[in-house]
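Consider the two complexes below, in which chain A is the common component and chain B and chain C are the respective partners.
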Partner chain A sequence: MPQLAFFSAISSFLEATHAATPTLAPLHLLIGILAPAICALLIAFFGSRLPLGATKAIAWIGFALPAWCALWIAGTYGAVAQSGEYQFLWQADLGLSKLLGIQLMLGVNGISVPMYVLAGIVGLAAGAYAIGSKVERQPLYLVLLLVMQSGLMGIFSSVDLFFYYFFHEFALIPTFILIAMWGRTLSSRKTVAMELTIYLTLGAMITLGGLIGLYVSSGAEAFNLIALQEALATGTAPTQIFLMLLIGFGILVSLFPFHTWAPPAYSTAPAPAAMLHAGVLKKFGLYGLIQIAVPLLPSGLAGYGGLLMWLALGNVIIIGFVTIAQQDLKRMLGNASVMHMGYAFLGIYAFSVMGAGGAVLMMFAHGLSVSLMFLLADAVERRAQTGDMREIGGMAQTAPVLAGLFIAGTMASIGLPGFANFWGELVIFTALWQSPHPWVAIAAVAGIVISAIYALRAVARIFFGEPKAELAATGDLQGWEKWPAILLLAALFVVGIWPRGFSEHLDAALAKQYPVKDVAVPVATVTDQSHAH
Partner chain B sequence: MNDLSSLLSLILLTPLVGAGLIWLLGNKRGNLAAGISVLVAGVIMVASLFLLYAQWGGEPYHVAMPWLELQPFRLDLGFYLNGVSALMLFVVSFVGFWIHLFSLGYMADDSRKARFFGGLSIFMFSMLGIVLAENLFMLFIFWELVGFSSYILIGHYLKTQEAASASQKAFIVNRVGDFGFLLGIILTFWTFGTTSLPELAQHHSGATTAMALLLFCGVLGKSAQMPLHVWLPDAMAGPTPISALIHAATMVAAGVFLLARTYFLFDETALTVVGWVGTITALCAAIWAFAQNDIKKVLAYSTLSQLGYMVAAFGFGTLYGLTQGEGHGHGHAVWYGLGAAMFHLTTHAFFKALLFLGSGSVIHACHHEQDIWKMGGLFKKMPLTGLTFLIGTLALSGIPFLAGFFSKDAILFVTKEACFPAFIILTGTAVMTATYMGRLFYIAFLGKPRSEHAEHAHESPWTMVLPLVVLAVFSIAGGYFAQLPIYPAAVNEFLGQAVPHPSEDAEMTMLIISLIASLGGLALAFVIWNPKSERDALAAKARPIWALSRSKFCFDEVYMFYVNQIQARVAGILDTLDSLIISGVGTRVVPGGIFGGLGMFFRRLHTGNATAYVWWFFGGVILFFAVATRGFTSLF
Partner chain C sequence: MDAQLQILSEFSSSHHWMWLWPEIVLAALALALLAVELLLPKSDRWLLRISLGAQVAVFAALIAGLVGGTLPTSDVALFAGAIQPTLSGHLMRIFFVGCSILVCFLGYLYLERRPLARAEYYHLVMIVTAAMMLLAQITHFVAFFVALETVTIGFYILVAYGRNSSYSLEAGLKYMIMGGFSSGLLLFGIVLLYGAAGSPTLIGPAGDPFQFGQLGAVIAENPGNPLIVIGALLVIVGICFKIGSFPFQYWIPDVYQGAPTPTTAFLAVSSKSMGFYLLYVLLTGPFLGLQSILVPVIGIMTYCTIAFGNIAALGQNNVKRVIGMSGVAHAGILLVGILAAMRGVDWAFQAIFFYLITYALASFAVFGVMCHVAPDEDANQEREHYFGLMQNHPFLGGVLAVGLGSLAGIPPLAGFVAKAAIIVAAFQAKLYLLVAFVLVGVVVSIFYYFGWLRAAVTNPHPEIQGEPHPVVAPSVGSRALLAVLALASVVLGLYQGGLLS
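Let's turn to the complex of A and B:
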């Protein structure tokens, strides 16, 4: 097949970077988890005796190393894995193996690589933003974010389900503390943090119950995904476990009507915590459904798919309208994030390689775009001294770079082609047509109009018109605000113009576990005209 | 890999590279940005002309490579060049360059110049992507991107409220159209297993009316057909060169181009619907143009009306072609619809770009005055602008032997054959077209200046006048593809095959009809709006007619009612329910009771120390884990 000059050049460049040797790969997975944890410990123990600059330098290392590991893994994975299988497997028996079948087992497959990369990139951006911003008790702030980052890297490289769950808790607890101590509004942050804690802990408990139920009923010898897959290839597990996982994971991902924790939490949380939670940690549940629940319990999805469909439509349509009613910028973003999770759930509901693949693309893209938007919303709010969009205006003149990045981020969020989100939406919409209820595709596509309405109105309110006098002194983005945003936008853009980098391995990994839906017999390819000259 | 695909890659990617460069340079280097953008447009034009004149022989050419694969979904990146896209490539690159040049003068003093020219280059990239796209998904991608560039360029004057609301409106209304369009593409994909245009062209049995009409939704949005036409007049809030390039010559015509690309998917029912939507749009927009006083608004409604002509031409022309069958007369009868539509698209691109640029020249000279009742006598002050504007007016009115005459003639002919009532309406619309254009020209250019600004107006610089002259030449000569080498040979040949010609007997009738319609309209306008009049005679003497025209049949009011009264209320109610019932009762009151009780107990463990919470938590996890393991073992 003839290749197009420009894109084949990009392609061969990407392949050249794959040539690195893979033997060090498991080490990278371990470093990704340990580096932020060690840096957190260093700051925790020595932070009070070190100058703030040194603390920040340590934090930089703690955020940069995972990002490096993530990119290295993504590049190397392409060279070794042709079929989307688990690679770079590494395990350590921690003495729990005999008792509970638990061991620390790391590895990535075609589904987890995008999520692993997402965790690395968003972690670096959120870390850089946290290091640059002026907050009280910054060392502790950074320690908590580093602990979060360590957990995030662990979630998506764990093959063992106990550690998969464990790392989630590891990242979740600092989120509560960050909101309670550094939340936006003094009066309500403790309440919000407490509500979030109760809600998400409940979700996590249900999830854990489901995972244990899965393990026990499958009769697998070890509590890791590979063993479970082998065990369930022959045996079956009760479908009620799927419901348990669906509700548990659903709470964690803000599935309608378990979503009400999200908007207040995100509008209250300090920006880096919101970025890490909304961008990455929240994807734990969707990842669990795609990687664990659906492939292991396909009959469960068959049984509860209708429920999932209705709830996910609640996310897209009902919360879509709720988003239109929001006046506070961060609350709007929090609701918009809930709405977009509906798309990912719908992709899972479609139960096909396409649907799940679209959901993974959506998770990846949404993670980048939502953290970009929370970062920029924080920058807007700090300048305007308010989050109420009706009271802001004309900021494009006082902060043109902020305006440009905000518009680009908004466009990415609402699925403009050229950014990764578009692929997620497009593939999910297309997949839904082959779901048991094709009309769901129509309802889902209606979401593109809803999201355009609230997103563009926010842009118009904040950036158009004449600026207020007090805004003039606030100025444009500074380096520490600008570069993390550019990093996130660049990642969205790269996947936006070169989706094949991910889709190839994603496709291979999903094809082992998900059905390929029938398409009309492809028409004979046109060969007589393709070489007309 | 061969020369053709490299050349097409060059044409498509040059503007993207240009936009990237402008972005890197930042907003302070406005002149450099303008230079880059115009240079890019020049490269595109030269490369396109080179491709069409020297490289491409007229055989359909297509090339594709996979871009995204998730079984069985496959999205290709590729090019598909055939007669339709070659003609469109010519129009976009040629008209695009002259409008870029015009912008140099028009935007010379703008404070956000770099942003403007960057946006212009992004637009060129997106538009060329639509023209060259090999499949419907790829076309949709660039379709959305032109919407985005249109959005940022309409919003160029961001201090004004009009720009803020018009840019939003354009994007959202287009998304409503794209809602149907995307569903249509998805349906096409699942029906045929591909959306590749060359493959579909060969194997398209199984196309349904629903599929065609869903695809047509995209046309409704992008080409501003009723009922999604409301965004286009508002889009005039953007700078005038944008109105010329995006909202008259190229982007809004993309809908017509889409129809021409997918004509084989339309069955008779769909074609009839398409034809009538176009006819009604043409009629209504012409009625609304009478009561407009803003020079750009008159042209905007005229654009709506002419787009209606093109869409009607496609619908009725293809219907007519289907009845003729292959081999009848000359060329391909089934192409008559797309031939007439694309031909009118081409001539319209010349004369409407000319008219918009002419209005830009006037606005520039009159210090951003856009009210025609504050102009007057400009013909003498600005002779070249005046003369070229006159040529544009005559071409749009369909005066014989100018470009617009030939293309409108082809449309009226096929409509007469396919649907006589529509023919009557479109002929009546042709009279109205000549009338409102006559009104515009008499009031703005003849008579005496009605304001200070008009009094002191003088001719624009050469960068603005030269494009006017070039476009005026094409507005005269654009119809003679059969006689003169106006277009590249392959394009000429395509037009020769596709554009329907009346038989020799009918030709005379059509000529007389056109002559009466155009001259009659211009004369009627002269009677009502004498160049010397100081105020609008229609508004003064025939108030009900004027008010009807002015009301624009209340589409905007109905939509605003929906947005403010229905949508906002539904959103508000849902928001209240969300926070009251789900958040309030569901997750606070009910669990609050349970957890409150537990809390009484756990408060004893509350030490206020973060570390303690962590240990309590892990203790709980392990306890739960142990209990659950036992519990499940006994259950199953």
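Let's turn to the complex of A and C:
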């Protein structure tokens, strides 16, 4: 009999540990949001009394914990999820459920896991860079970035759309303050911040209106995505709501012609803020289109898809040419980031598992590469004391590591094989080719040439040619500049050589809501193989 | 005459006076304050302590009663149909006492620095509050008008309280003319309704046409009667003066600017909330039968109010005027909630009430900061006075940021949840264009709220803008109060508990 008790104890222990994974996972989601917020509060209240070193240590915790949670969630999700469904659901009523059907509901599915990981990695890199850099009033600077990070982790782990929006605003407000207080040029930063605030608030408000309209007209019981999917599986919502969401999200993602806020904002913003905003926060809108607007309102995409296509082509072609004309490095990057959003929009327009999957892959890759580039551009600018590329030159000789990383980052953003961006663009082009208008793919491919022109020219101007005399004393990258950049580059590289690990669950999640087009095109195997088995 | 006699006899024999104890306590204490000042001539702090203590006790007792479920509610109107305690009425009573506590505290901050009579200020605030609390339960137009006039006359004095400031006196005169005008219209409307609804030529004339329930029955039977329509419109116009909706908002900038800051807060929060509650009661009660006429009228007014409030606030530099015009914009958003209630969204009152709470918390936080930053001439509070506030007084700056952020409706602050609730209600009522107006209004409002904040984070350049404006350092008490207000705005944004239900 004792043996029996022993075995049953062991088996119950094993069961308990097995069951612990799902219970631990929501805790990780919660830690991802709360850890940076709590660290921000600690610094805000005690920062003035602590030595700077202690403040930095707290900030390290605040940025490292979310990154760890993101990787843990990604690993656990890969082991648990079979079907691309939402996992690790956890909810808490904060008082709005009875009247408005709103609850804090956390969880991830195949679409949100990559974005969640992106938020964790970019957050860690931006945080490390911010902790290392020397700025005035650094405690407050770190507080704002930590608040941003908390919001970013919340966006991609929210199932409830109210909180999805809520966390977006939560992350957006610090961006405005960061630009207003630490922006590049003293004379213009307040104006830029005000412009950005008003423009993005407009986008956010249109989005909010669209989301609430979707909720009310769907007749769903609760404001979360699962309830909405159930309600709209049988019912319908007016297609005008799709247009609202398209414009609202479009403003936030800098869809042509609503992009004018982006280049001045990114060129003015302090580097960590630009990294977090361009790298992660801006993906809020694309994520919303892929996860919410298109699957719930497919008739809306059918109605407004043509509009989306033309505007996205505007991003790729028109902004592409605008980018070529830029002389300022950060402004060029800001424009380039607008341009690359066009690809993601085109992937959404293709309306297939492949197109949407390519868009997610593109968002992930672009988030890493653009934050890498903003980090390196900041390093270049600090050394050259100017952002004007015509006045910089020969930096490869004084800063070879910087040059190497910069060139690698440039290659990644152009979409050279070996980096994640390549797969994103390739899959999107394939999906476009299979769409009813294959010529769009040709127009989009032209964008690659445009990116090659401005990106390679920038590399040539900054790093080659005769070095300026005053550059000699500036030296190469220091540790706090180098390691965040290497982290980002490594992530790009890992997904670049092993996209399959990335796309499997993504496709499973997308296949529930997007039509699968099983056209035998060799390159389609990247995303299509996984749901064949 | 019979009806009046009956009222008198019922009043004298009614045993429900105990139900009005909070109003009676406040009024009695207000009178006692005058005596206290005579007995203890140098007792500034005691005056504050007595008035605050009494009001906090009433506030706590009412909340305890509400939570414990011991506050009486009645399905029929008592006092010969004049007063009907309801749950929503109790909520508003608690709200008014809470606001009154804050106004008294701000009043102390204001009076501390000025050679003005002390006790009378608290006295008036408490009397006006008692009248407002009564109004929250009234269901009879005679009592309604008497209580409303008590409020209005109290405000005439409170607005002109800074009698050595020409701005305050000017504001007092303007407010009196406007108030008299609006009271006249209101009375005219009441009389028309009385005459029409009591007329035997109509279907089912009312025995007591002043009584809301009976009046409502007559209106429901005769919605097309021109006298009834005009009467109802005039009553609504009279109330719209109080809430400052377009086109009855024109007194607001001058009066808000000239009135002492605590009075401005009192006007902006309590008086406005009272107007909204009265509108809600009338429009979903006796005037329900006139929906087909009133919904479009109030709808047009709402569009104009939101547009006007936001656009007019853009050009202001005086922060009291900014608050005034932004208050007009808030009135527009609240009107959206009223419209949703009229169109049958049953939880609209919760949304309106929650909005009022968040608006009050945020407004008092901002007014509290204004009381500390205000120069000696209380009316001249310019945006430039806020230069360097964030750097030199981070506490006041932080409270200001929370207050303005909540007014602008920025997550995670309470104002955002309140706006979202109103928008959901409006969507359910199918007021799509109004939703668009509200959303655009929010975007515009960002400009003037953040413009104010921008001044607070700007560090003045000594050679260009001169030295930063001197700011009164907050005492421990006001620090605690402002911290509570700011914290409440944050907490209510994250956790609403049962407040919305």
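Odds and ends about this structure:
One rule holds for everything that comes next: the second predicted complex is superposed on the first by the 495 of 533 C-alpha atoms of A that agree within 3 Å, B and C clash if a C-alpha of one lies under 4 Å from a C-alpha of the other, contacts with A are read in each partner's own complex, and residues count from 1 in each chain.
Operating definition for what follows: contacts are C-beta pairs under 8 Å (C-beta built on N, C-alpha and C of every residue); 3 or more make two chains touch, one makes a residue touch a chain.
Quantities reported herein were computed from a predicted structural model and do not represent experimental measurements.
Judged by the touch definition given at the top, the superposed model places A:434 against chain B, while chain C stays out of reach. Applying the stated contact rule after C-alpha superposition, one finds that A:206 touches chain C and leaves chain B untouched.
Within the superposed three-chain model, A:190 lies in touch with chain C and out of touch with chain B [touch as defined at top]. In the superposition on chain A, A:148 contacts neither chain B nor chain C. Set against each other, chain B and chain C touch different numbers of residues in chain A, with B touching more. When the two structures are aligned on the shared chain, A:216 is found in touch with chain B and with chain C.
In the superposition on chain A, A:94 makes contact with chain C only, not with chain B. Contact with neither chain B nor chain C is seen for A:106 once the two complexes are overlaid on the shared chain. In the superposed model, A:260 makes contact with chain B only, not with chain C.
Comparing the two complexes, residues 100, 169, 173, 198, 201-202, 205, 208-209, 212-213, 216-217 of chain A contact chain B in one case and chain C in the other.
Residues 1-8, 100, 169, 173, 177, 195, 198-199, 201-202, 205, 208-209, 212-213, 216-217, 238, 257, 259-261, 318-319, 321-326, 353-354, 357-358, 394, 396-397, 400, 407, 411, 416-418, 422-423, 426-427, 429-431, 433-434, 441-442, 445-446, 448-449, 452-453, 456-457, 460, 463-466, 499-500, 503-504, 506-507, 510-511, 516-526, 529-530, 532-533 of chain A are the ones that touch chain B when the two sit in their complex. The part of chain A that touches chain C in the complex is made up of residues 94-96, 98-100, 162, 165-166, 169-170, 173, 176, 180-181, 190, 194, 197-198, 201-202, 205-206, 208-209, 212-213, 215-217.
If you check the complex, the residues on chain B that touch chain A are 1-6, 9, 13, 27, 57, 59-73, 77-78, 137, 140-142, 144-145, 148, 151-152, 155, 158-159, 161, 163-165, 167-168, 171-172, 175-176, 178-179, 182-183, 186-187, 189-194, 196, 198-200, 202-203, 206, 567-568, 570-572, 574-575, 578-579, 582-583, 586-588, 591, 595, 610, 613-614, 617-618, 621, 624-625, 628-629, 632-633, 635-636.
Those residues of chain C that touch chain A in the shared complex are 347, 350-351, 405, 410-412, 416-417, 420-421, 423-424, 427-428, 432, 435-436, 439-440, 442-443, 446-447, 450-451, 454, 457-458, 494-501.
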